[in-house]
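Next come the structures, one after another.
Below are two complexes that have subunit A in common, paired first with subunit B and then with subunit C.
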Partner chain A sequence: MPKVENGAAPVGLQFGKEMGTLALPGEEIGKLVDTTPPHGLQSPQDQKRAVVRLGSGVTQRGSSLLSSKAGKVCFDGRRNKTWVENNQKRYVPALEDMVIGVVEERHSEDVRLDINGTDTATLSSLAFEGATKKNRPHLDIGSLIYCRITRASKNMEAEASCIEPGSNKSWVGGEALYGELKGGNVIQVSLGLARSLLVPNGPVLTTLGAKIPFQSAVGVNGRVWIQSSSTEHTVLLSIAIAKADTMPADEWKAFVKKMLEQAT
Partner chain B sequence: MHDKSISTSERLFASECVSAGRRLDGRSLTDPRHVSVTLGPSWGFAEVAFDNTLVIASTSVDATAPSSERPNEGVLTVVADLSPTSSEAAARESLARSGHTPVVTEIRNCIDKFVREARAIDTEALCILAGVKVWAVRVEVDIINDDGNCVDACVMAVMSSLMHARRPDVTVTGKEVRVHSLDEREPVPLPVHHVPLSVSFALFGAGKPYEPDMVVMDPVKKEEIASGGSLSFAFNAQGEVCGVYKAGGLPLQPESFVQCSELGEKRALKLTAILNKALADSSAKHPRASLRPMLVTPEPVAQVRSRHTRKKDEVMSEAAPLSMWNATPIEDTLPPPPSATDRDPVKVHAVEGVDSAIASLLQGRKEVDEIVQVEEHVEMEMEPEREDGPKPTEIIEISDSSSSDDDLESAIISKGKGSGGRR
Partner chain C sequence: MPPATKRSRSRGGGAGGLEYISLDGLRIDGRRPTEVRKIRCSLGALSRADGSAYYEQGNTRVLVAVYGPREPHSRASIQHDRAVVKCEFSTAMFASPVYRRTWKGDRKSTAAALVMQKAFEGVILTASYPKSQIDIYVQVLQNDGGALVAAINAASLALVNAGVAMSDFVVACSVGFVDDTFVVDPSSLESASDRPELTLAVLSHSAKIASCQLDSKLPDGESFERALEFATSGANQIFKVLEYEVRKYSLNLLDSRGLVAL
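What follows is the complex of A and B.
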């Protein structure tokens, strides 16, 4: 039984590897366990929980789960989801990823987004909370969109949406989580850094936020959007975040300190 | 240049930064990036990096039949290619269709103008036997990573590669041409006339008419995309303009043009120093003194009186280096050469191999003189107020009717002529 880090223990899934250990491509990381009534879980609540979600880097062959890339084995107990995590630059869309896309083409009913992957993603013009045929956002070519992936398949174009489940904030008010990002600057970082920036109270954004107030949106496709009150600050923040990709943590802190001293 | 993967926000931000006198990577407007040049281990291999922009070049030399129009001229071919992994745009392009991106076309034009048309290589000195065999020099440039300013990186890579490359030594005896293998003779350097290095600027319009444009030296990819146009200058170590290339629709103000040329000249001299250091470093790895590569010799314009003697001295000081060519001896029976030096192959020393190179270098000097004249003429027109310029006697020698015209526009036109109309 692997060490449980995030909430509950896995259901309907038996790990063959310890959490956080390295998996190589093709290696079996675990097995699916039959949990239908005669075998185990009886209550409908447990049954519901027994849905195993496979994230990026994990493929299913029969009842065994194989890793499709080299990386760290991860598991989220709250969602009963397992995935293999590594640092890379190429983005492969996965379900429920928060990404920053750039509008590449406009069609009557949808737009095509560049999401930094091999293929584009489609975003319906109505996939905004409260959008109707008559009242929907106007998205120009080159607009930045913060959205989530609602369909990811290796054989089909990905689909994105700006509707946040469980929220009813209209796209008009500007309070919705997803939507168009206006102004600011975008930098490209590795996917590993992008994921680490999304961790609540992560060191990079917290350190910078203590010195310069700014807004940011992080897409797990490696795009980070930054906006602050002045051009100069945005430049500094962009450089600092990009540097965090290659510098060790202590060196980075010293670098940021020096950079901010020189700037002010 | 339209890059779909760049958002409007990024484009606007890049321009905003330039208006505020800043750059996306924290540099000032006229600050270049760090440049590194790595040469070797094989002859003619060069790797040039402008921070994230990475370009490699390699030179190969083969003996081929000359074209019927130019029987006593060798061939210089430069092939530039953009790796699909170099940028998102390139990847997209290669997936979509097999055409070339506008970036590659522009780079090819620039290299052609700055290296081939500026006659960086003396093609007549590449002649082995007139009408029968000449050297075909082929430089292959690959853009491995494109983070802006590929033109400068490519031109520098091509020139580094040409400076570092060697061709097998040959002996012409009567009807026989003998290509020496590396065991027999050390290969000889290529006849590099001068080393033009390019300095590029991204141009941002001031937004108001008759105001100088904002120029950004050594732009990164985003700045290139956001800019209204680009301007590239090629200067050699003597500070002579070897070519100008303007791309993009932005109308350029005369002040900005002059500003770019001044900044460009200084930058080109620094690039020359970087290249020289790389050449010197690569030679330090070789155990023998005779392996030292040619260095770019900077020389004040006023002293460029007779390039024949300078070139000769320069080549004489460099002994032929050790071969790494896998050259196979050609022992075909060939007609007697019109201008080849007759020598006994048994008595020939390694150093004498250079003599033949010099002999061939001294062929077809007329054209070289013309080049020097054009370049000096351009230089004078560019900087009409220059106090410490060429001596008056020399001005008389090389100037022509239009040199009295100090008008800036005519200077620009004649610059174009000087770079393009040399053939």
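What follows is the complex of A and C.
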């Protein structure tokens, strides 16, 4: 059985019995089950829950669900969603992803961001909390922007925004969640590592944070921004995070320990 | 190491009086007719490419790099509804016993590149990456027969490594016909230009054919079907190895994050 996150059992789909947790492209990971009233679920609440959501790496052929990538089969019971988690280097924009973009072009009303994908994303100069035509951030070419994706369609250019829903912190105060990242260092890691860095209390950032205090921003497009009190520490942290991409967990811990000992 | 070739009085068929199948029913390199050469492969061999694979099948060695989905190089090649798959097939100068100047645009390379392009176009879910391009670069480092087969298998691994969405996993295998016997995965000694050779690429899960190419004629229609059977069984042997490798690779990735939950 695939790893079930958030408890609830799948509704409207049945995972393949002999499924391991890893799937290859073309492998059947499960089947859709008919849940219309005569067959099972009666209550409207269950009916509502029976919407099966397919995430990345899962395609449907007839009633069977096939994997289209090689990776771990995942299931989120809360949203009744299944996907195949893999590791890759190219980013494909998805709605509400937090990404770190680099300003590539400046226009009068917006800027073009390189978000490490096939195409660029546009960020309106007014898409900052409290920004007006006269009072808006000055974004130079090459500056780093931490933002979220507000429009992701495979046929259109992605759109990014620095406005955080439910917050009214102005961009001027420097307290807003999104905005320009000043100073520090940015590194490129695989998308899988970036996603795992975002897991609360993940092993990598916790281990490093216990040794060196630092600030970081992680974009799911594989960019990680790190800032600490000194350049030396920032460089050490950058190397350590980049190494976490390929090293096995225990080897990495030993590596970090040794590196910090030699540095101090 | 090329095996010592036994020169004996020919049982007919073999060019240059070479005995391809011994009296014990073994081939020149000691394999049984249905046996595939030893396969070794690894994913992510190159750090700069989005996906890459190194692949060895006997003494045939190839390196494949995959880039993309990325922005197309020329505006003219953009397809607004799907990704374009491009393939480049090149052979190193030192790949064959004769040191020879090669270039990627020669007839054989172009044909091989086209076969691969067509095979993968049907498998990659191109509709999910409109207005983009996926490049497959093949470099044959050593050619001991079956370079195309090795290239297709390596490209499959590289695409998996790149995380390109595919409807199925492509595996290729070739079958030669020497001394009235079908030999799976012929080496360069067994495959000469005048002899029939079938190169087959199949989709491993749905068992559909992605590409099928026959050089020289087989005696009759029935033997073509037998050749297909041999090629499919060879492809299944190869798939087992590749599947194991991909699973091992995925597991290692999860392990590197301390995420293994098996």
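Note that the second predicted complex is superposed on the first by the 182 of 264 C-alpha atoms of A that agree within 3 Å, B and C clash if a C-alpha of one lies under 4 Å from a C-alpha of the other, contacts with A are read in each partner's own complex, and residues count from 1 in each chain.
In this text, a contact is a pair of C-beta atoms (placed from the backbone, for glycine too) under 8 Å apart; a residue touches a chain by one contact, two chains touch by 3 or more.
Treat the numbers as computed from the prediction; the structure is a model and nothing was measured.
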**Report entry** Touched partner set for A:Gly26, first subunit B, second subunit C, both or neither
**Finding:** second
Requested in this report: Would you sort A:Ser216 into first (subunit B), second (subunit C), both or neither based on which partner it touches?
Outcome: neither
Report task. Once the structures are superposed on A, label A:Gly183 by its partner contacts, choosing first (subunit B), second (subunit C), both or neither. Result -> first
Requested in this report: Once the structures are superposed on A, label A:Gln88 by its partner contacts, choosing first (subunit B), second (subunit C), both or neither.
Outcome: second
Report task. Applying the touch criterion given at the start, work out whether A:Asn155 contacts subunit B, subunit C, both or neither, answering first, second, both or neither. Result -> second
**Report entry** Partner chain(s) touched by A:Ser238 [first = subunit B, second = subunit C, both, neither]
**Finding:** first
Query raised in the report: Is the number of subunit A residues in contact higher for subunit B or for subunit C?
Result: C
Query raised in the report: So, does A:Ser170 touch the first partner subunit B, the second partner subunit C, both, or neither?
Result: neither
Requested in this report: Using the superposition on A, tell me which residues of subunit A are in contact with subunit B and, in the other complex, with subunit C.
Outcome: 118
**Report entry** For the subunit B and subunit A complex, residues of the former touching the latter
**Finding:** 4-13, 16-17, 20, 22-26, 88, 95
Report summary line: Counting only contacts in the complex, subunit A reaches subunit B at residues 102, 104, 114, 116, 118, 140-144, 181-186, 225, 231-232, 234-236, 238-239
Query raised in the report: Which subunit A residues qualify as touching subunit C in the complex?
Result: 3, 20-22, 24-28, 56-57, 59, 61, 66, 68-72, 86-90, 92, 118-119, 154-155, 191-193, 196, 203-204, 244-249, 252
Query raised in the report: Quick one: in the complex, what on subunit C touches subunit A?
Result: 50-51, 68-71, 80, 125, 128-132, 160, 162-169, 203-206, 243, 246-247, 249-259, 261-262
